[in-house]
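In order of appearance the chains are A, B and C, and numbering begins at 1 in each one.
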Amino acid sequence: MQQQRSRVYVWEFPVRFTHWINLLCILALSITGFYIGNPFIQAYSAKQYIMGWIRFIHFVAAYAFLMSFLIRIYWGFMGNKYANWRAFNPFSAKKIRDLADITMFYLLLKKEPPPAVKKEGHTACAIYVYLGLFILFVIEILTGFALYSQSHYGVFWKLMGGWLLSVINVQNIRLYHHLIMWFLIAFAILHVYIGWFLDKTEKNGLMGSIFSGYKFVTGKELE
Amino acid sequence: MKIPDEKELGFMEKLAQKGISRRDFMKFCTMMAATLALPASFAPKIAEAIEKSKRPSLVWLEFQDCAGNTESFLRASKPTVVEIVLNLLSVDYHETIMAPAGKQAEKSLDDVVKNQKGKYITVVEGAIPTKDGGVYCCIGGRSAVDIVKEVCGNAMATIAVGACAWDGGWPAASPNPTGAKGVKDVVSGITLINLPGCPMNVQNLTGVVVHLLTFGALPATDELGRPLFAYGERIHDHCERRAHFDAGQYVRQWGDEGHRLGWCLYEMGCKGPETFQNCPTIRWNDATNWPVGSGHGCIGCASPRFWDTMTPFYRRLPKVPGFGVEATADKIGLGLAAVTAAGVVAHGIARAVKGKGPEQGEKKE
Amino acid sequence: MRAVENALGITIPDNARIIRNLITGIQYVQDHVIHFYHLHALDWVDVVSALKADPAKTSALAQSISDWDKSSTTYFKAIQDKLKAFVESGQLGIFANAYWGHPAYKLPPEANLMAVAHYLEALDWQKDVIRIHAVLGSKNPHAQTYLVGGMALPVDPNSQNALNVEGIALIIELANKAKTFVEKVYIPDLLAIASFYKDWAGYGAGVGNFLAYGVFEQDNVSNTTNLYFPRGIIKNKDLSKVYPVDQTKIAEYVTHSWYEYPEGDGKSKHPWEGVTKPNYTGPKPPYEFLETNQKYSWLKAPRYEDTAMEVGPLSRMLVAYASGHKRVKEVVDSVLKKLGVGPEALFSTLGRTAARGVETLVTAEMLLVWLGQLEQNIKRADLQIHNNEKWDPSTWPKEAKGYGFHEAPRGALGHWVRIVDGKIENYQCVVPSTWNGSPRDAKGQKGPYEVALIGTPVADPNKPVEILRTIHSFDPCMACAVHVVDTEGKEFTRIRIV
């Protein structure tokens, strides 16, 4: 096996920054969101403001998340090739080919990952998962604002998500908003594990890369 | 839309109270015509002009209903139903409370539709079944669809009262065996306002009627055709128990301490946070009480298709389609997270053992 | 709700039972009064004739039958003036096109005026007394505090958000107002009007079989027979024997109803096995007549032991009377005595209307008794209003079935439920108006309405006020329908409530 490893700057600052902001926001949103859906702490006095603060945190985190999300989209046009929206094109024939390989690799049916893993930012599998994640984020944001618009009247809130209320009934919106939280939690578990798994098997410093931005790449950059 | 204004109404009432009969009134008009040196044929025109002060006719239609809105109507207090029937309006047709029956009752309806085209108000209570040619609700041999098209089509304005007349309500709940629909989906192009609720709160009905008589037009509505003065804001935002919601004090079980102390019913499935109506403000039965006030959560009866969308009434979230009745979103979500975690652990072990075989329970990605 | 409680074996707390009794009780009182004055009285009272009344004589009449305070000459004069102004406005509204002046109206103008005054008073009264529903049930109509297992109305004398003394004081005030009106207005009017229509004790007898599930539980056992108004059956107008009710003997036919059974329409089905599958075979609307030897109604035909039964206040009062219910017996006997008729007069249109009045009075008297029971419980610090044990569906058995009996104001109401995996598998309601308004069954036996109309004299076939008297005396749940009456006196509703 060739051991020509080089250190490559893959994740630029905005990518790393939004990644960590997203993590914090999703964590905050999940915990507060879970409480809002099922207030497990009982106040002992009416002078407390538990639900009030929890909702406040939820809404602030939601705005932060939205901003982070927008920055990431902006960077999809301004950033390097790993961050560029083209890297996420799901219809690329190569991606579809690699998907089978990487899946076999993850299932421990194949010893070696497809060569792309060694060279590029995201694996083919990750591309599809992140695209799905992107859609989940959009749904969360829209349903979130749809619910928010129930108590915040005006055209702005209608545009942000309120229009959904006339498409889907409010209780189903609430249900989707809630269910997707669990999908995100499931994603997070997998995300960390696979990162760790690849880091171990490929020794590519993947886990460190999201802090530093650098990844170790074997072989020559092709594209 | 030509509506007598309040002043004129007052004038007619005064006339009536002074014992001036219709006959006297017509005589007076003829005399006026003579005095003004107009041909006698003008008398009816004068009469018409003054007669704008006639009490507007109201016909009340009932279809697939339980008369709940009629009962609610009878509970009117501001003004009372006596005042409405005797002074404010001319309730010319109302199957439940009218004196005549059968053919004579049908005549009352015909009279209004034919003689007062475009001048009367129609109130519709109950859903209209449209399946199989409308056979599921026929009155006097005519289908409800037929009747509603004719009566509402010729009315000055139609008020759909209750959830059923609005969007089909209970008869239209899944699987809707009779193809029940609300007025808005059966007749188009009419002047319509909706007062959903199960039943509607009569104070909102009298509100609409008085608005109509005072301002000569129906009040402004939201995109669902409900008047903003009654359905403009959320129950949750005007709830007397809102402070307990924000504080974090919830009823957990019927009859527990929180229930007795009037804490928030959120955990008992209250649909106040998704329902738009003015219950907390105007309350019911002369402002005596309202559901949340009594200790039972709102069931969202003024929300669209509430039997399908607001159930289960005693849970925060609807059930997840395709799962059993006991599966809540959280149970399913927790299951999903658990399966994922288990998959990860299994994968890790498999890798550690360097086993070549695929692991069961392994999740993709 | 009771059916589910029965299926799951839930015992409700005592307070919930009492609160339910109170809600049902005031509903009886209010509903019966509305029925009498607003849905039934105009079959007997000629509103237009009231214009000819002498207010002084009306006052004398009113004072002779009751010490109700609104009975002065000036009061009746004011009512008459109001009526006059109304009639002369030329817009008769709900009173237009009625049968005014019909020879079947027998009341003198003064009695008519008095009845009109009370018609208007009752309209104001009913909206007040039903505020008890708002206190105990959150709102009326459609009370919302009923739960499987109890009530959602907390009881706590030391909380401002539960049923406390303020609520109880309001109930006392309203219950007294209800009782006073019944004693001083409704019952005297009923007797006064009835005395002019005694011939109606001879018409409208119906099928002669009476079914009452009984109402006002006196203990907390599911479907208890310990009821204030007892459960029972009377057969063939025989008041000497009361038969017990066995719910397994209830079954419904669809032979003449627009439904179909998978095994054919000749057999009946018990509600647990009931099927509601529409099969409309009638004419395409608009139509003039329905063919009675085919299917002709949206109502099924419920039968007990293959026999048509009448339900309603008359059934309840007859069962109570025959079971030796002390207070009912007293009141019934005094009414019969005042009208100068025997118990056989009860089997009639007049009897039905009188029984409703008797029941209203007896129920109104009980309201404060029940409230007293609630107060006793509160005094003992028993504040329980709900049995939480089976609230969560995960505690339910895999399969369960149950039935629940209730007496709606207009008669016996039964619900049957089968639950499988926490879901309703089948739910059938056998409601009072299907008993009374039942079409014919497989054997061609007629229902109570149809039988009751046989032999009713009709003075003018185009204005059959006599038919209305009998049909209205049943308090049909067809507020929703304008009845088409053909010259043979058969009446069918065509409303279907799914």
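Quick note on the criterion: contacts are C-beta pairs under 8 Å (C-beta built on N, C-alpha and C of every residue); 3 or more make two chains touch, one makes a residue touch a chain.
Please read all numbers here as calculations on a predicted model, not as lab measurements.
Undergrad: Could you tell me which shape the graph of touching chains takes: line, ring, star, complete or other?
TA: Contact map by chain: line.
Undergrad: Work out per-chain C-alpha centres and flag the one nearest the whole-protein C-alpha centre.
TA: Located nearest the centre of all protein C-alpha atoms is chain B.
Undergrad: Calculate how many whole Å lie between the centre of subunit B and the centre of subunit C, each centre taken as the average of the chain's C-alpha atoms.
TA: 26
Undergrad: Can you give the whole-Å distance between the Cα centres of subunit A and subunit B?
TA: That gives a centre separation of 44 Å.
Undergrad: Can you check how far apart subunit A and subunit C are, centre to centre, with Cα atoms defining each centre and the answer in Å?
TA: Here the centre of subunit C sits 63 Å away from the centre of subunit A.
Undergrad: Enumerate the contact residues on subunit A facing subunit B in the complex.
TA: 37-39, 41-43, 45-52, 54-55, 103, 106-109, 125, 129, 150-151, 166, 169-172, 174-175, 178-179, 181-183, 185-186, 189-190, 193-194, 197
Undergrad: For subunit B, which residues are in contact with subunit C within the complex?
TA: Residues of subunit B touching subunit C: 12, 16-17, 19-22, 54-55, 57, 62-68, 70-72, 74-77, 80-82, 85-86, 89-108, 111, 126, 129, 132-143, 146, 170-171, 177-178, 180, 198-199, 253-255, 259-262, 268, 284-286, 288-291, 293-296, 299, 324-326.
Undergrad: If we count contacts the way the header does, which residues on subunit B are in touch with subunit A in the complex?
TA: 223, 234, 236-237, 243-250, 252, 258, 266-267, 273-274, 303-305, 308-310, 316-318, 320, 329-330, 332-334, 336-337, 339-341, 343-344, 347-348, 350-351, 355-356, 358-359, 362-365
Undergrad: In their shared complex, at which residues does subunit C touch subunit B?
TA: 34, 38-39, 42, 47, 81-82, 84-86, 88-99, 120, 123-124, 126-128, 130-131, 133-142, 144-145, 147, 149-156, 159-162, 170, 258, 278, 280, 282, 284-288, 298, 383-386, 388, 391, 393-394, 421-423, 462-464, 468, 479-485, 494-498
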